[in-house]
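Per-chain numbering from 1; labels A, B and C assigned in written order.
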Amino acid sequence: MASALLELRGIAKFYGHRCVFRAVDLVVARGTVQLLTGANGAGKSTLMRLMAGLQRPNAGSCACHAAEGRVAYLGHATFLYPGLTALENLAFWKKAQGSRLTEADLMALLERVGLERHAHERAGIFSRGMAQRLNLARALLVAPELLLLDEPGTGLDSRAAVMLREEIVQARQRGAGIVWISHDVAADAPFADKVLTLEQGRLHEGGQGAATP
Amino acid sequence: MRGSWTMVCALLAALALGVCQWLVYVYAPVERSMGLVQKIFYLHLPLAWWGLASFFVVFAASIAYLRSRRPWWDQLARAGAEVGLLLAILALVSGAVWARHSWGVWWTWDPRLTTTLVMCFVYAGYLALRGLELPEQRKGTICAVVGIVAFLDVPLVFVSARLWRSIHPAVFAAEGGGLEPEMRLTALVCVASFGLLWLALTALRARQLAVAAHIAHLLMSRHEQDA
Amino acid sequence: MMRAVLAIARKDLTLTLARGGGLVQALLLGLLLLFMFSLSQEVGERMSPQGAAAIFWLASAFCQVLIFNALYGLEEVHGARQGLALLPCPVQAVWIGKALAGLALLLLAQTLFVPATVIFLGQDMSGEWWWALAVLLLADLGMALLGSLLGALSQGQAAKESILSIVLFPLLAPLLLAGIRVGAGLFAGRTAEGVTQWIGVAAAFDALFAAAGLVLFAYIYPGEE
């Protein structure tokens, strides 16, 4: 499959003797959104960290075909340095990633997530929602081909949640493959191509999403 | 039976060390200037050599662990560090008694002495690291890295200790020098027999650690089945 | 890779210097050590050059442990360590970046420790200072390389400062000996004997642990959750 960005085949993960999941197959194609759901502790976040390459599976293969440096992962941790301002945080990750964006680009990015007025405030005094927005801006920094979102709506107010969904729709239109862990399936399913459920160590399809191209 | 060669090794060591006692006290002549105290040498030399060999085992097992991730190497490295630290401390103590008698001081900046002492500190730190509450894999990796770095440091410590001392007037003559043939034979046999004991001790400790890990494993899976 | 290295070093320096990070603690500890040891002198007595040099390097060593603990602690606050792991460059960039930042901070601290040694311990720098400076730089480089490698152990509260210093100090012995010997020469107003050999020891140490860090760092950092 030429457009596959990420292919998981027969993935299994154990913590000691406890099996988190096994025989997980998943293909993420370009321009699709996969909504990943499941109860607390079902292993969704672990699966996503495997996709990002932060953890290794005990069995199976995980092949990523996205261009190097074009994978973005947004997890529970915000990766922010409280001592740096919002803009400095972005500038650091930009430089570390070797991206060529200018400061104006970064300001535009901050505007997209609604933080332009707080660009020069330290991230340490941000609320959870503001930190999450900045986290999202950091993820979008690389114009990701593969976007892995682990409950990106955490702490966001309703306006920011709308902004988040817009960004996801736009990324999908740009041809990005998106995996999105969400607890609010009813609200988020309309934006997804497919809904997947992780249950008792197995991944199965939980119905077609309703996204329109 | 997997453990049988350790047992054979230990029995041989017992026999050989018995022979050594005879060699040390009956066969080898009493040294003229130092008298009976010189006999410490036959204990000190094997302790020091096999202590260093233990640290090399830690180094090699650490590399093997990083390459293969097999817990056995981790256990061997730990066994090597424990045995090595014990031997090195005993070598220091026996060396200090020797130094007191032959040079009149308990401690000097002899490069060998200094290197052994620094190694003791390093491997004591290594074992302290082993005592931390950490996930098994992570601990294994950390300790392997420290185990490798520690051994790389040995030649540098030795060179710097020698440089350090060379500034002071060479009051203390280096030990060794011309050994009587009987003395040399005795020393070699002592080193070899002690090697058997060392091998048995290290292997036994490594196996003990492996069994302990296995038991912990079994208990854990049992608890999980119960839950 | 170089861009990432510089970005990390610059970020760490900004956080520690401009934003009141861990440096103050490290400086205070070093200065306190120097001051406390000055109590061992009788009134009007002058500490031996070797004693003063030893105390100076002891202060530097303690300072360095706190510096690297702080530098790696920065990555733990909001899990930035994972972000560094995902960067499209070898993870050794973190090791080099932090070694650079640590080296800069250590040198900065020592610009305070040198006058403090001169004042509290009654020394004067009458020797040939360029030899001392060369050894100082080489020793600091080695301390930074090894400190950055072992500092990564403190990730995730795995090891506290105490354990870091227990492992680190004896390993630094060759560098400390070199620093003390040459520093003593400086304070005593003569060139230390064997100074070129001491430079050799320090350079060998740097080369060895640069190679070791390059190979080994990827094993301990960033480490799985």
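Quick notes on this structure:
Heads up, the rule we're going with is that contacts are C-beta pairs under 8 Å (C-beta built on N, C-alpha and C of every residue); 3 or more make two chains touch, one makes a residue touch a chain.
Computed from a predicted model, the values in this text were never measured in an experiment.
The chain with its C-alpha centre at the largest distance from the centre of chain B is A. For chain pairs A-B and A-C, the one joined by more C-beta pairs in contact is A-C. The innermost chain, defined by the distance from its C-alpha mean to the mean of all protein C-alpha atoms, is C.
With centres defined as mean CA coordinates, chain C is found 31 Å away from chain B. Averaged C-alpha coordinates put the centre of chain A at 52 Å from the centre of chain B. Note: centroid distance chain A to chain C, computed from Cα atoms, is 39 Å. For chain C, residues touching at least two other chains, in rising order: 224.
Per the touch definition, chain A reaches chain B in the complex via residues 16-18.
In the complex of the two chains, the chain B residues touching chain A come out as 217, 220-221, 224. Against chain A, the residues of chain C that register as touching in their complex are 3-4, 6-8, 11, 14-15, 19, 21, 74, 77-80, 82-89, 93, 224-225.
Per the touch definition, chain B reaches chain C in the complex via residues 66, 118-119, 121-122, 124-126, 128-129, 132, 134, 137-138, 141-142, 144-146, 148-150, 152-153, 156-157, 159-161, 163-164, 166-167. Residues of chain A touching chain C in their complex: 49, 52-56, 68-69, 71, 73, 75-84, 88, 92-93, 95-98, 122, 131, 138.
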